[in-house]
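Got a structure here, written out as structure tokens. Questions coming.
Chain lettering (A, B, C, D and E) follows the sequence in which the chains are written, and residue indices restart at 1 in each chain.
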Amino acid sequence: MTTKTTLIETPAGPAKAMVLNMGPQHPSTHGVLRVVLELDGEIVLSARPEIGYLHTGIEKSCESKTYSQCITLTDRIDYLAPLSNNLGFCLAAEKLIGIEVPKRAQYIRVLLTELTRITSHLVWLGTHAIDLGAMTVFLYSFREREEIMKIYEYVSGQRMMTSYFRIGGLALEPPPDWLDRVRRVMDALPGHIDEYEDLLTQNRIWMARTKGVGCLSAEDAIAIGASGPLLRGSGVAYDVRKAFPYSSYDEFDFNVQTQTAGDCFARYQVRVAEIRESIKIVRQAMEKVTPDGPFRAEAPGIIPPSREEMKTSIEGLIYHFKIFTEGFAPPPGEVYQAIESPRGELGVFMASDGSAKPYRVKFRAPSFVNLQSLPKLCEGRLIADVVACIGTTDIVLGEVDR
Amino acid sequence: MMSAVPISYYLVLSAILFGLGVVAFVFKRNIITIFMSIELMLNAVNLAFVAFARAHGQLDGLVFVFFVIVVAAAEAAVGLAIVIMLAQNRQSLNVERINLLKL
Amino acid sequence: MESQEIGKNAAVQKLRDWDNEAVAEVIEFRGETTVVVPQQHLVRAAKFLASEPSLRFTFLSDLTTVDRFPMEPRFEVNYHLLSIERVLRLRLRVRVTGPEPSVPTVTSVWPTANWHERESFDLFGIRFHGHPDLRRILMPDDWEGYPLRKDYPVEGFR
Amino acid sequence: MGFISQHPVLVAAVVKIAVLLFIVMTALAYLTWLERKVIAHIQSRWGPYNVGAHGLLQPLADGLKFLFKEDVTPPTADRFIYTLAPFLALSLGLTTIALIPFGPPSVLFPNGQQIFSVVDLNIGLLFLFAITSMGVYGVALAGWSSNSKYALLGGLRSSAQMISYEVSLTISVVGVVLLAGTLNFNELIGGIPHGSTGQTGYWLHFIPKWNVIPQFVGFLCYLTAAIAETNRVPFDLPEAETELVAGFHTEYSAFKFAMFFMAEYANMITVSCLATILFLGGWLSPFPASWTWQNYLPGAGLLLLAVYCAWNTVSEMRGIARLQLGVVTLLAGGGGLICLYPPIAAGIQGPFWFTAKILAILFFYIWMRATLPRFRYDQLMSFGWKLLLPVSLANLVITAFVIVWPLLRKG
Amino acid sequence: MNVAIIMFFACALLAVAGAVLLILAREPIHSALALVLVMMALAVLYLLLGAPFIAAVQIIVYAGAIMVLFVFVIMLLNAGVEERTDFSKIAKFGGVPLGFLLLLEIAHWLYHSPVGTAIANGAGSSNEAADTAQLSEMLFRQYLFPFEATSILILIAILGALVLARKEQ
């Protein structure tokens, strides 16, 4: 029999370390993350994340596409929150061009990104629960997510890769009765969240598995650059929506959810509370969205004209043709636009050289940065805790590798 | 289904097993296997105990088997703990490499 | 918004007051302030910005590189700083000349720069000297070339 | 005929083993179906539905799939042990069932052999523990011989877990043994009154004197330890799929994997049988014997099932599924009618109640799986050693004291 | 020939084969499995000898606990193939035949000993339950002191194992 474990020759004392490759194919690494674990029995001596298995070169591809063409790529970055990525990219492009989106479109954007946050957190909740062995929550939360996905499909024609937000506004006027659907889902959701909390929050096994596991102090979290629930679970009340309001988030009334413990349970609580806050925001947005009004900014040569205008006026046709063939050219310069994606601060750095294609696009992916915390979270703990820690950092490999 | 096996058969089997245990004890080099050969010898003795108990129609032999098993369990617990210690300190399970009391 | 503008300028002002040589150029665009820092002052300036009590840029949001091929200096390394307490953002920029660009690492100031710098090394070939673990991060270890450089074709070398 | 009359024990045993094996294997297969259905309904979905009406042929399809899959043996595996392990696991899992009495010993074959148990040993309980204690080998050897790190970790975990929980399992049972003063299953159930502590009879004329009432703590300990012993959620660490991929059987495929799968379900059935025998009165009916209408419960239940199936066939099923469910309807209806025939109704009481109790416990198992998260390894160990073992020991000591106290008072 | 004789020889053969395998196997895990085989065969022999309680204890404690512990340790230490080393020629040519001679002598003596002629009362003839009860009576009355002594021994063994296996902090 070949040796499975290596007896490491250490003069200081006996050290028996086993190197375990967790991933890239493993049920709980949420895609193709590979974590190289050094184990002493079940205890993790060191954990080293190795990434790049899903590297698709989106940033490079963006450089050869026009600004509007890039939007379809952004869906694929964080495939659990495509609308957040759309929003980040569009806001950055709008900032670069210097246009303002009509209020109605902004509210719809807020509404849909908050729905995205809910779906993303639901997926997180489900997968995290199944990581820890609670399989029912997974199916429940996917049931609720499905309802919201149906709303996406109704509004944009697509379930996942919506590309619904466009530079200057939205792709389409949403169907007239879509808000009723949203309302129906939002009325049912709080009850379902209570159900999940019944299953998990007071569950002693759940608490034993998450409390005191994967602790991250506020100082460490900031030093690592963690953002989103990972940072807020450590007691730092930093939320881009509050700190640097975008898309008229300053008009909404919501609280930044924080917990001070910094462990997996705290992050769980933060995310569940965020789902509830998001429901609150969606309800406010539903009040604010008027049934009619512009859904795109007026900016000839940058924003495509309406369908009717394109068909009836020669300027409209020319603009439409030009926008979709050669694009538009923002002034040279660089902008950095941050939004609060479900996973944390999603920053889009965009450099223009005055041509119709972005000179450089960089996505500051929250998962990429948050994943750096993994060694800190799980070293010295057990294998099972690694699973819990990967779960609560809530990474999406598409976003980590881009 | 009356058993018509003479007790002596059991005793001979016991002796053979004990002898094989001794052979294993002498020949094997792996410390865990040596432990196992001790267990084999104890088993052989147990068989003899049971056979004698049956031959004399008394249950004292069975009680002794019981005690032997308890002692074997205690021995295994301590012995294997020592084996783990040795393996971690010497990086080997070969008894011929474990010939020093102190490293 | 107004107060933020002033705040940012105050950050630049603080930096100037501390060491005028650390500020080579200040660029304002769309309400964002970029401070171009000479390479030799980068780590010092970073330490100052992170520790100065009235600024506290303790959070490095992002670190990224732009390749201005064929211009020289070719590379611009951008550091997006964030002060959670003061609600401020500031961009530092270091200009580097190719083809073997090298920048001091800021991991000692912001540990988060670790992976960001590895990414810049991986995709642009910028060496961050003093980095604890400068390996490729996204591309395979035996990959040749630096994909995000402008002289690297989109389809890759065939 | 000469052989049969000369060896009544042997012939009866062979017949019983064959029938029991058939029933148990079918039960195993349909237990997977039941589990999937129950969990699916808990999780508001349908579960298997397409292969056969209500997925009733799914176990068959799964079995065929397992048979025809490619059987991969890792090149670095220890081939002999790698092959031995699943056989060991399954055969030990099935052997234990031979000891279980499924009905009262008074029901006899014409040649004087008991119908409802293959062997009726005086120390049956001890032998059952002897066989189950060997079960750990299948798992440990599978983990070791696969030569895979995940499998090794799973194997190590499971051997540690099974050894630790076996202690609590055994001790939680000793309370019942003390009360009954026997190790024979039929006597433990109370079918044969045994001394002063015989358990037949009723409190308040309707609460059956089952051991679950005086030994409630023991029952809880047993149930917990049994779940751990069979590697089920929340103690399914050896095969925790989100940590160790599939634990000890990561490398197994095709029928060898299926054998582990069947072994797990066989063990579930065994511990449920044991729980039924020790704590829930085995094949005894929960109602006083004077309530004769209970003899018709099995038949009535089957008829009800037939009515439901008939309704379902007509209203829901289409195409071939209608035919399949129609067959099920006829089987249930026919079986129900046969079971209403008084002699058969009386004879079938024992197995009926036994099966009903087992199903209740199995349902509890499945319910747990759908509800609870998984323990962490160290938590599992400290739970076993620091909570379960002391509680079951205390239960044992208190039981012993209660039994001995009257004797001491007498002097 | 009756069933008991056949059973005896089958089990005896299994036991001896297991013991030989234990010696011949080069991997400790194979040796361990061979030993388990011996123990199972012996358990059946105990049944034949009319000692079912001892048979059950043999399986539960020996095969189910002690040997599992062995297997566990082998897995834990990942003990590989055993190294073969030369041993002295005197042992080879003198010791082995002498050992076998001794064995034969013992066997011969045993075979002709007065107890040897006794016929074992087989399984089924004696009352197993009564035997078990008698055994417990003896254990807790006649042999109470040794019994308590062994329980203390086990306790000490557990403590000793804990102390030995504890990691040096």
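Following the convention adopted for this analysis, a contact is a pair of C-beta atoms (placed from the backbone, for glycine too) under 8 Å apart; a residue touches a chain by one contact, two chains touch by 3 or more.
Being a predicted model, the structure only gives us computed values, none of them experimental.
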| item | value |
| --- | --- |
| Partner chains that subunit C and subunit D have in common | A |
| Pair with more cross-chain C-beta pairs in contact, given A-C and B-E | B-E |
| Chain located farthest away, centre of subunit E as origin (C-alpha) | C |
| Distance-to-centre winner among chains (Cα means, whole assembly as reference) | D |
| Where subunit B and subunit D are represented by their mean Cα positions, the distance between them in whole Å | 36 |
| Subunit B and subunit E, separation of their C-alpha mean positions in angstrom | 6 |
| Chain centre separation (subunit A, subunit D; CA means) in Å | 46 |
| Rounded Å distance between subunit D and subunit E, as computed from the means of their C-alpha atoms | 31 |
| Per-residue multi-chain contacts in subunit A, two or more chains | 1, 4 |
| Where subunit E touches two or more other chains, by residue | 27, 53, 57, 65, 69, 74, 76 |
| Junction residues of subunit B - those touching two or more other chains | none |
| In the complex with subunit D, residue positions of subunit E that touch it | 27, 29-30, 33, 36, 43, 52-53, 55-57, 59-60, 63-65, 68-69, 71-72, 74-76, 127-129, 132 |
| Of all residues in subunit D, those that touch subunit A in their complex | 39, 42-45, 76, 78, 147-150, 152-153, 157, 233-234, 236-237, 240-245, 369-379 |
| Residue ranges of subunit A touching subunit C (in the complex, touch as defined) | 51-52, 55, 57, 59-61, 63-64, 95-96, 98, 222-225, 236, 238, 243-244, 333-336, 338, 345, 347, 349, 351, 359-360, 362, 364, 368-369, 371-372, 401-402 |
| Touch list for subunit B against partner subunit E, complex | 1-13, 15-17, 19-24, 26-30, 32-33, 35-37, 39-40, 43, 46-47, 50-57, 59-60, 62-63, 65-67, 69-78, 80-85, 87, 93-94, 96 |
| Subunit E contact footprint on subunit D (complex, rising order) | 78, 80-81, 84, 121-123, 126-127, 129-131, 133-134, 136-137, 140-141, 143-144, 152, 155-156, 159-160, 163, 166, 182-184 |
